[in-house]
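Think of it as A, B and C in the order they're written, each chain with its own count starting at 1.
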Amino acid sequence: MTSFLQLDFPALLAAVLAGGTCGLLGSFLVLRREALLGDAITHAVLPGIVVGFALTGLRAGVPMLLGALVAAVLAAWLIGWLVRASRLESGAVTGIVFTSMFALGLVLLEATGARDVDLDVDCVLFGQMETLLWPEARGVSSLWDPVALAGLPPGLWLLMAVAMTVGLTVAWLWRPLRLLCFDPVYAQVVGLPVKRLEMGLNLLVAAAAVAAFEAVGSILVVALLVAPAVAMRFLTQRYAVQVWGGAALGAGVAAGGYLLAGPLPLALGSAVALNAAGVIGVLAGLCVPLAMVMSRGGRRVSGA
Amino acid sequence: MTPISVTGLSVHYRDRPALLDINWSAQPGLTAIIGPNGAGKSTLLKAMLGLVPSEGETRFFGSTLEAARDRLGYLPQRQSVDWDFPATALDVVAMARRARSGWWGRLPRAEREAARHALSEVGLAELADRPIGELSGGQQQRVFLARALAQNAELLLMDEPLAAVDAATERTIIDVLKRLAKAGRSVVAVHHDLASVPQIFEHALLLNGRVIAAGPVAQVFTPATIADTYGPGLAA
Amino acid sequence: MIGHNTIVVVLGCAALGIAAGAVGCFALLRGRALLADAMGHAALPGVVLAAMLGAALGWDTRSLPPLLLGGALAGLAGLWCVQRLTATGRIRQDAAIALVLASFYAAGVVGLSIAQAWPAASQAGLSRFILGQAAAMRAEDAWAAGALAALCLVTTLALFPRLAALCFDPEFAQLSGLNIRATDHALLGLVLMVCVAGLPAVGLVLVVALLVLPAATARLLTARLPSMFALSCVAGGAAGTLGALISAGHAGWPTGAAVVLTGTCLFTAAMLARRG
């Protein structure tokens, strides 16, 4: 038990929280037909993360979150402005903005020397689930021992805070968000602050991207944002099931992926541990064809 | 020879029929296809030209679309393309000459001259080298007309050539239609303005998902058939 | 000073940039540019599998052509998945692209973690394909990538009238006797070739930028297709050359990032020129 708490518990918790948060937000991206924006934001936050880190030297701290939020706002504003000013197609503009910001982030990572300290390219590309450890854990009682809890990786606290914020915000803005997804023009006519809601959603996505950064990196987070939500689109027509189901599926996929990657092969005596973020991404991707097959089977039954 | 003959043509969007069992022959001369919104007028043009999947058979001058391709011209709705595309008016018209000159290499000078000539026929000679994004809506419509003319076709199919154009463009287009008819060419045009049908066209096809009436305008363009096509409200 | 190897690599990057500018021009006008993002990411598992296969068969795993072939096949599979997902009518193309790029990339990451435990395969230095590392390219790699790029450029030039007609008005082009499906497939094939040729130098994460940035820059500066095409080639070539030179001078800078930021500077300059 102690070794599970020390080695697997923090990473498993991080995976579940990241998967649940991204799965929850993903539905809003997919329903609003903004899947690409999710991709863009998760890439575009990189320079913000690096600058936040470089200024304070703290990994997974509040400065990184703030930096990422600023970067996300900048990216959304740049995309909007460029679409109007250049008259280029919005997909192309999105591609330009997020690749440029991601490239800037990579260069900043070198230039600020952040790479030598603690934050490196590998984390961006593959996630670093294996660095999430809890050496202070001494049996189950550690779960309510404040001294031991203080030893949890700091990134985990940030992830918990973001997950909580996202969950509460979605519950609080339940009806406005539903209207925003279903009919944004009507939402504007009846006086919803559509622009602010959209920006708020973008900020939540950015926060989720930062919080999930340590666990799955900034590319694989896209799988958790899009795949559970798309899979749920095939399984339900009900809004509540779509949104919370997406969160549950995301969390489940993340937990399953983590266990399949390391602990399970280890228990079976294999020496090779797979990259956990990668396995999570593959599982998430497989959810979609599976959901397609299930929905087709379901329709045939209901049609008969 | 009959420019178009359609037998048993049906089009389905998802599971809903848009056109059901159309049997119709177009006569030489100018023909208007009329009907309310959603009657399937544009769909009929596109189905005949193989641009949307359909059942049934369409013959042009007695042969298949493939064999008759060089004798056909097409003027789509203006909104069907992105006018921000980087091309000049002449570039757009010149594309119509590719079918004849082949798709390899530069377009021969003679073909470019033919395109320029088509532009002058619609009164746009001096705007030939202007980017299409800078043209007015009416001028863009005339560029499309010039492109259809440059196909040098015996039969032209036009989708709403007179929709939302300025008065000068409307006059030019009607002139061109009459000149084509005089030169022995045939035109089948989707048309929305009932009042001008008798002044421009010789034949009409009244359509609403199926054929309501077809024949010379004087015979088929009657209050009764119009009421059948549009519903009773418009038959004044 | 600058050695023979560096010169060859810079020339290879220039050829790659020019080809990307040429293909990107039509990819942008046809609204297909972002498919390159899916294809690029999707190439990773193919590259990894090719390296593992090569290691199992005892080949030189550093040799580029088998790796690129693997990447091309996986990229093609990714493209196929995007089209199948979109064909259901319930997934929009942007969601399908995001889905495919993330899950194929994830499969590649899993493959990398397996390959790392395998000395023969890990020698291929596979992670350099993610962000691009021109400095790690050998002269023969640059020749291979450059030859692929040159082939793209020649094909694009030969197909110019077809691609122009397809991008402006596919229905009219079809009526004029153009085989739309074949031309569309040819365009996607060219995009795939650029993605694959760009893997060693620019990397799969940012290769999409090489297709979009030069073409968008050129589009801002002209409203005529031939000049847009020429400017796009020039901008792509400049980004490739300067990016490779910059990353050669700063060890550690990923070449992909340097190339993209050079392209971003050109795009910004074009924006300013347009407004000024």
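The rule is simple: contacts are C-beta pairs under 8 Å (C-beta built on N, C-alpha and C of every residue); 3 or more make two chains touch, one makes a residue touch a chain.
The model shown is predicted, which means the values in this text are computed figures rather than measured ones.
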Contact graph of the chains (line, ring, star, complete, other): line
By mean Cα position, the chain sitting nearest the middle: C
Distance between the centres, which are taken as Cα means, of subunit C and subunit B, whole angstrom: 41
Whole-Å gap separating subunit A and subunit C, where each centre is the average of the chain's CA atoms: 27
Centre distance in Å when subunit A and subunit B are each reduced to the mean of their C-alpha atoms: 51
Multi-chain contact sites of subunit B, meaning residues that touch two or more partners: none
In subunit C, residues with contacts to at least two other chains: 219
Contact set on subunit B toward subunit C in their complex: 46, 49-51, 69, 72, 74, 76, 80-82, 85-88, 91-92, 95-96, 98-99, 103-105, 107, 131, 133-134, 147, 151
Of all residues in subunit C, those that touch subunit A in their complex: 28, 31, 33-34, 37, 41, 85, 88, 90-92, 94-95, 97-114, 117, 127, 130-131, 205-206, 208-209, 212-213, 215-216, 219-220, 250, 252-254, 256-258, 260-261, 263-264, 267, 271, 274-275
In the complex, subunit A residues that touch subunit C: 30, 33-36, 38-39, 82, 85-86, 88-89, 91-96, 99-100, 102-104, 106-107, 110, 115, 121, 125-126, 219-220, 222-223, 225-227, 230, 233-234, 261, 271-275, 277-282, 284-286, 288, 292
Residues of subunit C touching subunit B in the complex: 29, 158, 161-162, 164-165, 167-169, 171-178, 219, 222-225, 228
